[in-house]
Each structure stands twice: as structure tokens, then as C-alpha cells.
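These are the structures in question, set out in turn.
In the two complexes that follow, chain A is the common piece, with chain B as its partner first and chain C second.
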Partner chain A sequence: MKKKNLSSRLKKYWPFYIMALPGLIYFFINCYIPMSGLILAFEKYSVSGGIFGSKKIGLQNFKFLFSNADAWIMTRNTLLYNLTFIVLGLVISIMTAFLLHELKSSLSRKVYQTVILFPSLLSVIIVSYLVNAILAGDTGFINNHILIPLGLEPVSFYSEKKWWPFILTFVHFWQMTGTSCILYLANISAIDTSLYEAASIDGAGRWQSFTKITIPCIVPTIITLTILAVGKIFNSDFGLFYQVPMNSGAIIDVTQTIDTYVYRGLLNTSNLGMTAAAGFYQSVVGFCLVFFTNMLVKKISKENAMF
Partner chain B sequence: MKKITALLMMAVMLVSLFAGCGKSAQKNDAKPENTSEKTTEVAKNTESAKVEKIKIWVPTSGKYDDIDAVMAKVNEITRAKIGVEVEFCPLQFGQWFGQYSLLLSGTEDVDIMANYGGYLNAYSQGACLDLTDLLNEYGQDIIATEGEYLKGGMIDGRQYAIPIYAAYAWNMGLIYRQDVVDELGLTDQVANVKTLEDWEPILAAVKEAKPDMTPYVMNTGATASNFQYGTWDDLGNNYGVLLDGGKTSEVVNLFESDEYARLCKIMYDWNQKGYSSKDIQTQTDGFGTLTQNDAAFSTLGQTDFNTKFYQTTSIGKPIGIVMLGDAVGRTYNNVTYTVMSNTKHPEACMKFLNLWFSDTELGNLIKYGIEGTHYVVNGDGMAEYPEGQDANSCTYHLGASVSNTVAIRWVTENPDYVKLLNDANSSARRSVALGFAFNTDSVTNEITQLDNVRAKYQTGLETGVMDPDQYLPEFNKALKDAGIDKVIAEKQAQLDAYLGK
Partner chain C sequence: MVRKDLGFQTICHLVLIIMSVLVLFPIALLFISSMSPESDIIKYGYSLVPKSFDFTAYKYIFKEGSVFHSYFITIIVTFTGTIVSILITTMLSYTLTVKELPGRGILSFLVLFTMLFSGGLVPSYMMWTTLFHIKNTIWALLVPNMLCNAFHIMITRSFFQNNIPPAILESARIDGMNEFGIFFKMVLPLSTPIIATIGFMKALMYWNDWTNSLYYITDKNLVGIQALLNNMLTNVKYLAQSMDASSVATDVANIPSLSMRLAIAVVGMIPMIILYPFFQKYYMKGLTVGAVKG
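This part shows the complex of A and B:
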């Protein structure tokens, strides 16, 4: 871009600046002003001192996140679940979006889309009870209507670890696919149909037009969404990991994430400093990861990088 | 990059522009109305000097639909007697524990807080006002009623909390459906139950006769541990307790004690025999809700001489209890009221607490509502629901009180309640640690980790879903790794210092 001073740019583009204004103000108030509260992570909070005047205690609040055997388990769980969600999520949402797009009748497309989207409108508490109704030992559907009639041993899901990575992954996708495929669906719908026509004249089948046209056209969206997801890799959906397993202790080894650890550890002590420290830690790691992922993307294909 | 800087500058400029606008607009507005505003402000000031408004937050399991009408009456009394207007902000118990931390942070409009499960968190955050001088000046009725039990709200000789005056002496006990026991002809057998082991044949009989009723459930669902109200004195948290209600001052590891192992074994046995549900560790409803639907028969909980009344009225079914051991006065009362350290009306708060402690009319109003509308007084001078109403249809029954002696008795209560309460409190054995408060500041990291270890094992072991032979040693090892010994040593040192050893 050629050098232009601010005033001349303002003169030329002022309607765009005005358009951006509400968003900027929103971000400033909601995202930047509260950042000053990060100082809590380095304080022992007291009511009289408030957020800015409490006693500074350095890094002490961060200690609990690293000083035990559970630190490894919760970090591992958070990372592995999120990696699974990112990789599998990519495949599932793109496939769902593609299949929805392929439906010729717009009525059936709307019906299917609504059905897929519906679970994401449910509160996680309701979801956890739905899961409970299926898995419970005494009254659950699987035990009482499938396993016992078949003469099989009933399974007590809430005390057996091995099932939960699958259950949680399934519940996650059952709930989230609807929303995550919307962006891809919009993207796919926007692809110029003449490309497909040209491809079919050249003798390309469905699969070929999918891999040769659809995928390349949505690569920028894929990269952007993935980088954003990587930034949240140290955060977890608290509802999914705390409510859906009904806070059952026996399966904690596979359901504990950083968020649930912080919640369990501080539920009884309500220590604001330590809570803030955990959030700070997650954000810093997330920020670094976004940065590095973007650098990586820049190396591979410059035009697709986010910044 | 340049784009971004430009945008940011744009934002900064606009914000300052807006700020400027706001200021000048204010100035313009202010000028003409200046005089009138001042006069109203003065009027407000003189009024608030006369009547101070305070907000008090309490949890409840009762109804409060009609709270505005009741508060209007309450304020007639408080305005006249102490020049204070009070607003009660009740929350249902389920909501309460989620909101409590937020209310404590000092950012909300709170003057007086109810604390359930101790007030030490509030204290360590600096949320509790030092009430020592205020209490001496305005709290004579509280001092007269509570006596030595006021220690339950003291830290290092300063008064930070007002414990409610209730049954201080309690013990772990069984709470069960009396009508079911009578119906099955087990009344005599129940009368001879002394220990938890004796309860098993009763559970067996109930399971046999009432297949739809779970013989044993958790008291509050999975939100609290099954042995929350144990025979031990928990000294503020369960890491280091005084066994047997605080007979000696030796702090021991509860989870390694024989008592704990015994209880876990019984629960495991009951679960294996099907007296408790396979899903007990994810139980979502409390004993009260389940019992109202005839789905539960018995549970473990905190019992004192009045539990039978309390449970019967709040659940609406006949309830009986078996106390497992003698009632003992513990380290500190579970329920206290604290004044927020950032309140603007400390005197008003203390005056109100004192009045609530001593004024029966006020006590009745807050607890039961308006006479004639929410309750009536029968021929014996006891309160009951008006004709045709019950616990579910009555529109106000907050049940909250700071001293259980300053209200007339409910119809199902013992008419001699006040005397019994005073007797029980003055005669009961007291824990040697009565008045001790554990300062957790130096072991916060350990406690955070220990709480996570407990989350993994405690519910499973205490409900009997986990086999104690296998998991109890594992639990204890994890607790050791998380530093329970350090916490216990710290507790012992603080207790010794408190006792002047």
C-alpha cells in the first residue's frame, strides 16, 4: 500500500470507518477494558482492596496448576480431547455441509439442517440428563432395554473409565455439528456452479469434484477456523466435561480438564486470584499457539495466513 | 499492520471524542437543573440519615412469593424501632451455592450475608467486617442469648460472624420415614437401633415390602458428601479432624481412621445388597424431594433434638430420626451471619441483627409471614398453616431465623422447644476446639489439590459404589501425595496455639 496519511484516508474511506465503529466500541468495552482485571492473577484478592488494590503476591497463584500429579492428566486430557475435536470436527462438519448441499430438494435440506442443528439449542444440563437417561445403571435405556434383554452383563457407565472418551466425543459432535457446519455450508453454496458444470463436462465424478473443486475453494475458511480452534486448545467446554459425566468421581481420570480442575479445586475456597491465574495461563498458551500456527501456515501458503 | 494501527487510533480518537461529548453534555444539562437537584439530594440525605436501607441475602427451601407484603410489615417495625429498612434477598438452596462466591466478591449490593458451611472463605477474602466493637455497643441481646457459643464466630479473639442461635449440639444420625416404619410394624425394632449396623435389617425389610422405594439415599444428592455431618469435629474442613466430636485435641487424618473405613464398608455392603441405588453417586435430587415422591426411605444427616420437626414440616411427611451417638457442640456453627466489610451501614446491620435476635414479632414475620394470611395461631398458641393451605400452597414460609427462640412455635414442634434448646445447648458436651478457626492461607495450594483428590474418590467411597478394600488405600495415597500431612500439621499447630499449649 502506498503511503497515505491518516486524514486523506479518513476523507476517502470515512463511511467504512463509521461502519466499523460499533464493532470497535463493542470490542473495546467487552474485551479490552476487562483485560485490566488480569492483574487479579498476581494478587491475593481482598474485598477492601478490590481488583487493583489487593496485595501483590507474584506468581504464587499459578503454583497449584503445576505442582501435582494431576497437572499432567488434566493437560493431557484437555489437549487430546481438543485435538480430536479439531481433526474429527473438520471431517465431520465438511462432510455434513457437503452432503446437505448435495440435497436437491430444498425442503428436505431444511428438515435435515434443522434436525442437525437442534441439539445445539439444548442447555448442557438437559443434555446431561438425556445422556443419564440412556446410560444410568438402574433406569438407563442401554442397560434395561438392550443389555439385559440380550442376556448381557449390565454396564455401570458412571464408574467405568473406558467408555467416556467415546461418549464425550459423541455427545460433543451430536451437539456441535449443526453450528460448525453452517459456515462451511454457506461457503460451499457460494462456490460458482459453473466450475462444477465444467468439471462434469470434463468427466469428473462427484468425488472428484468434491476433492478438486469444493475443498480447494473452502481452504481459507478451513484454515481460519482451525487457527481459531487451536487458540482455544487449552480451554474446554466446562458443561461437557463436568455436567455430562454428572461429576462422577470414578471417571475423573478421563474427564478432568483444566477448567474442571480449577472449578473443583476452588469451589470450596472461592479464591479469585487462583481462578484468574488459571484463565491467564490458558489465554497466554492459546495466544502463543495461534501465533505459531499462523506462522506455520504463512510458511506453507502465504495467501492463506490470517495475519 | 498499518491498517490495524490506523484502526486503533481511530478507535482511540472516537472514544475520546465521545468522552468529550459526554462531559460537555453533562455540563449543559447540569446548569439549569443545578438548584433543584441539590435540594432533592439534601432531602434524600436527611431521609437516609433517618432510615438506613440494608440488604440481606439468605438461602431458603421455603416459599417467598409474597415477600414484598411481608417486608412492608417488617420495615414498619424496623423503621420505628431502629430506623432501618431491610430488604431480604432469598435464593433457593440449589442456586445459593453457585451465587455465594459472587456475592462474597464485594462487587454486589450486599450488607449482610448468610454463610452456610462456615464463613472462613469469606474471612480469608476480607469480606467480613470486624464486629467486635459493634457487637458490644448494639448487640447486647445477642451476647445475652449466645453466651459462650459466640466463640463460634470468632477468629483470633475478634468477632467476625454471628452464629445463629440454634441447636449447637448435634450428631450424625439416620433420618427416615416414620409412617413406613409404623406401617411395616418395625417401630419397636427401630427403637433399638443404636449403630449404623443395626439399620441393615430395617433396610432389608423396606426393600422387601416397598420395591418402588429406595431404602437408602444421599441426603442432598451428589452435591455434598454422604458423611458431611459425621461423628467427628471437622475443624472447618475434613483435612484433619478431632474424632468422636472433639474429645481430645489430637488432630487426626479422618480418611485413615477406623471410623471412616467402617462407614465406607457399611455403605459398600448396602450398595452391594441393593439397599442404595446403583446410580447413587450421580443422584441429583435430595432426600426431601425423593421422599415427597415416596421414592426414598432413609438417609444420613445432621440430627439434633429438633430434626424430626424440621424435616417433617419441610418435607411434608412424617419423619423420624435415630441419632448415632450423643449430641456434641462443635468447633463452629455451620450457619452464621456476617456483615460485608464494604457495607456503608455497619451500625444499621448490627442493630438489625440484634433486633432480629430479640423481637418475637419480627422473628415471626420473617420466619412465617403475616398472621392470618400465611399462618394462623391455634388455641394452644402455636402457629400453623391457614385452613386449606399446606407447605406447597402457602405463599410465604421463609423459615429463616437468626435465633430459633424468638418466634412462636410451629404446630408440630415441641411446645417446650425454647427450654429444650437452652437445656441442650447448655448441657451438651462441647468439642475441645469450640471457637477454633482454621486459617488456610499458608496451605491454599495443598487444599486446592486435596479438593480435587476428594472429588475423585470421596463420593464413590462414601456411597459404597467403590470397594473400600481397593480404593480407600488408593485414596489415602493420593491425599498424601497432595500434601494432607502438611495441612494436618498446620492445623494441629494452630489448634495448639489457640488452646494456649
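This part shows the complex of A and C:
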């Protein structure tokens, strides 16, 4: 009985399956086949054997990977940059959203928003040009128009490590503040204004109504976005870390992340197994992090969990 | 009270003005330097107040075919990619809103799961190059990681759920319209806001993409505008070297490489600057929908 029911339902719904098909095929090819390719991490890849037929060597690739200082450096960089981006990002984007929201004139709000959002439209390549125009050793703005006129020694940024944690953090926020503050702005704008009125009648100042009303109202968004960010803590913006420092070898200690390591490894196919192991490490640890943070959130407040 | 408020408004404006200046400064530097003579850039560095204006770099771009060719490649890829991905994304999202569809839960999960877990670069690279042989074909710019993603499926699906009344679709069914007709003649026309949103985001992705080209393209004929800029970033003389010696043999040596690559960067930014005002509303909508439900 039930079977017949199903087949009649399938008959009724076949046009939908046809519409879904191109998208599903795409997801299968683009996402699911590569997932099975993670097996490369356990193989000694050979062209003749291909992805699935190469010799299985167990955990050998991982042993090589973690016996190397690279593994520690790239993990440290990836985690530290992401933690900085998450923590500082919360402060910067909430403050920006708050300032935009407090503006009386909606025209100037629109102008500021348009300007701050603009960098998110630019490709990393263009951003690298902008950074280069400012930092370049010979023609850069800082050296030619700030340091030399002040009588200071010019700095060759692309070969000095100590600047890059600051530069990359700045560039990240330069480009992303617009998009991340929009989320909070939409949230803050949706808060019932009568709450603020009641608070100001009770004599609450601006700071108090910010900490006692605004922040608690946007906590769900903060949690959701933070889970998403923690889930991606093993990933990095490849362009930012590879392209903006112009692939400079001298500063690799502070710019190498797992993504740049994997790409650099891919250029050198003799080490494919180790590169695949690094990719596997990134995918699996990243997934576990999403899973556990989500579980944690489920315990604290169920409605904010993602799945 | 009023005075205190005025003070606070001033602080708000002041902070936001500083942020805006920080945002605009490098962009202005790029624009102005692209219009400076090459000799000035070499002598004084990139500057906001140029000694003189000079459009040689732009003249070279218009004379030189390879910049046009890259531009053309990017336009074709952006245009085709955006249309195809809008079609694929809306069709799949619409299917996922049909409540009684057998297997809907599984399909939704399969789409969502791709946001949480991925095979990463090495397996994808191996698959695209050894299984599908897309290296140095136009497909490499269109397909890998670009065509359809779970985030866009989710925002499109929630748009359909909240904005397309099922009653209209039901009455069309009773009138004998088939499902494809309903989707193309009724659902899509009612969905222009979300099509504008994901369309703009897709166009932006395709226009700005350089990674697929980095991974899969070595053929000079398939170098898009971002890839061209990338090549010139690491090698200022890239364009001069790749120029056909016979076509502009006269002054290859005098090409203003520094200002020219800035001019190409400006030209590469312009289409998005033109589209931005028209699509800003939809772009912002797309960014906020994501916040409501991660």
C-alpha cells in the first residue's frame, strides 16, 4: 500500500526532481566527489594509480607533516589570526553599527554605509595593488611621503616580518567591516524603540542603554556569527595571506596559513601526500569544531543552534 | 540634554568620517597615480597630489589588444556564469520548498552539509584536472566552486517560503498549468528581488575571481582581467613581455608599466562601481538575510 502511495507521489512530483537535478549534480561533483578524495591523505600518490588506486601507506603522510615545523607555524598563524579577527571583529563591527544607528541624519548614514561597504566589492588582487601602493619599498606612499620627509629610514615592508600581523589585520578589517557591521545594524534597528524610551525615563544614560538593552538584544546574532566563525577557524582567506603579502618568502613565518601551505604544496607534486594530509587535517578538525561549538550552543540556548 | 546630544552626534560623525577617509584613501591613491606620468611615479612614488596629469597609461590600454581580450573573457565568464547559476540556484531552492516532496529532508541536508564539511583544495584539484580535464579550458573559469553554493540556496529558499503564496501556485495547478510553467511564468517573475540579490553576488564572485585561473589556467588566451592584474603584480613587465612583438614593436620598451597596471586595476574596478548604486539595496539585503538564520 505504502509503496504504491510513494510511486504515485513520485509520479506527481517528477518535474521537481528534474528542476533540482542540475543543482544536485553540481553539488555531487563539486563537493561530494572531493570529499571522497580525502583518501589521498593516506596514500602515496602516483599518476598511474590515480586518486583511488594509489598505494595505501596509512598515517605516514601525517607523520611527515607533523614532524615538520611548518605544521606548527601554519596552525599557530591560522588560529591566532582568526581569533584576532573574531574578537576584534565583534568590537569593531558592533561599535560601527551602533554609531551608524545613532546618527540622526539618515542621509549621512547612507553615505557612510555606502563608503564603508565599498571595499567588499574589490577583489583581493585589487586590494593587493592598494596595499602595494602604500607599502612598496621604492614607490610606496609611506616611504616617499611620510618616512623620508620626516628624515626617517625607509622601511622595506615586504621583507620585514614584524609589520605583517598588523598589516593583515588592518587589511582584513578594511575590507570586511562594511559587510559585518550591516548584520548588526539590521539587528540593532529592529530593536523596539520603546525599550530605549522607558530606559531614558528611568534615567539610564547612553552607555547604560547600550550595555543593558542593545547588547542583550543582539546576543543571538553574536552567538550565531561566532559559531560560524569558530567553525571556520581552521580556514583562512587565501587571497589575504597569499596575495596581499605578494607571496614574499621573507615573511612567510607570519603569513603562512593552512590554505597557503596547501596551495604551495600543490605546486610541488612530489609531496602531494603531505599536502593532502594538511588538507585532511584542516577539513576534519574544522568540521569537529563546528560540530562541538554547535553542541555547546545547543546546551546553552537551543534556538540559536544551527542544526 | 540637547547640547550633550549634539556632542555625541559630533563624535559619531567624527569616527565615521575617519573610517571613511581610511577606506577611500588607498582607492584615491590608486586612481590618481594611474593618471600620473611614469617618470613621476618612479621619482616621487605614488602620490595624492601629482605634479602633472598624464593619460599615456590609458592610451596604451586602448591600443593594446591583450587588455581588451582579458576584459572580454571576464565579461563573457561573468555573464554566462551569473545567468546559469541563477537558474540552477532558483530551481533547486524552489524544489526544496515543496513540502510533500519525497526526500526533501535528505536533499536539504545534502545541500547544507556542504557548508560544514569540504574535501578541500587537493582532492578538488585532482578531480577537476584528472577526471574532468578542465585545465586550460573556459570551464575552469566557470565551474569549480563557483556555480552554486549552499548559502545562496538557503537565502533563496527562505525568500520563496516567505514571499510566494502557495495559494497562487495551487490555483495555477487547478487551471492546468504544468510545474515548469508555474516556475518560469509565476515563481520567477515574483522573485525579482532575490534574483537581483544573488545575481549581484554571483556577478561579483565571477568578476573578482582569480583563484580558478591561478589553479587551472596557464594559457594566455584565457587570462581574465583579475588574472592579468595578478600576473602584472608579480611581474611589472608581464604585459610588455607577452605583447606580440610585431604589433606594437615600435615602443614596447617605453610602456609605462607601473602606471599602466594601475590603470588596468582602475578599469577592472569600474564595472562594479557602476553597478553598485543600482544593486546596493539588494546586496545589503543578501548580507542581512544571512544573519537572521546562519
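Criterion: the second predicted complex is superposed on the first by the 215 of 307 C-alpha atoms of A that agree within 3 Å, B and C clash if a C-alpha of one lies under 4 Å from a C-alpha of the other, contacts with A are read in each partner's own complex, and residues count from 1 in each chain.
Assume contacts are C-beta pairs under 8 Å (C-beta built on N, C-alpha and C of every residue); 3 or more make two chains touch, one makes a residue touch a chain.
Since we're looking at a predicted model, the values are computed, not measured.
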First (chain B), second (chain C), both or neither touched by A:Leu266: both
Per-residue touch tally on chain A - higher for chain B or for chain C: C
Which superposed partner A:Val124 touches (first chain B, second chain C, both, neither): second
Chain B versus chain C as contact partner of A:Leu24, first or second or both or neither: both
Touching partner for A:Tyr158 - first (chain B), second (chain C), both, neither: first
First, second, both or neither for A:Asp138, with chain B first and chain C second: both
First, second, both or neither for A:Asn82, with chain B first and chain C second: neither
Partner chain in contact with A:Gly50 - chain B first, chain C second, else both or neither: both
First (chain B), second (chain C), both or neither touched by A:Met246: both
Which superposed partner A:Ser67 touches (first chain B, second chain C, both, neither): first
On chain A, the residue positions that both chain B and chain C contact, one per complex: 6, 9-10, 17, 20, 24, 50, 132, 136, 138-139, 246-247, 265-266, 272
Chain A residues touching chain B - in the complex, by the definition given at the top: 1, 6, 9-10, 17, 20-21, 24-25, 28, 45-50, 63-64, 67-70, 132, 136-139, 156, 158-159, 246-250, 252-253, 256, 261, 264-272, 274
List of chain A residues in touch with chain C within their complex: 6, 9-10, 13, 15-17, 19-20, 22-24, 26-27, 29-38, 40, 50-51, 96, 99-100, 102-104, 108, 112-119, 121-126, 128-134, 136, 138-141, 143-145, 174, 177, 179, 182-184, 186-187, 206, 221, 224-225, 227-228, 231, 238-239, 243, 246-247, 259, 262-263, 265-266, 272, 275-276, 279-280, 282-283, 286-287, 290-291, 306-307
In the complex, chain B residues that touch chain A: 2, 6-7, 9-11, 14-15, 100-101, 104-106, 121, 124-127, 222, 237, 277-279, 281-282, 284, 340-342, 440, 444-445, 447-449, 451-452, 455-460, 465-466, 481-482
Complex contacts: residues of chain C adjacent to chain A: 8-9, 12-13, 15-16, 19-20, 22-24, 26-27, 29-30, 33, 41-42, 44-48, 87-89, 91-92, 94-96, 98, 100-102, 107, 110-112, 114, 116-127, 130-131, 143-145, 147-148, 150, 153, 178-180, 183, 204, 207-211, 215, 226, 229-230, 233-234, 258, 261-262, 265, 268-269, 272-273, 276, 280, 283-284, 287-288, 290-291, 293-294
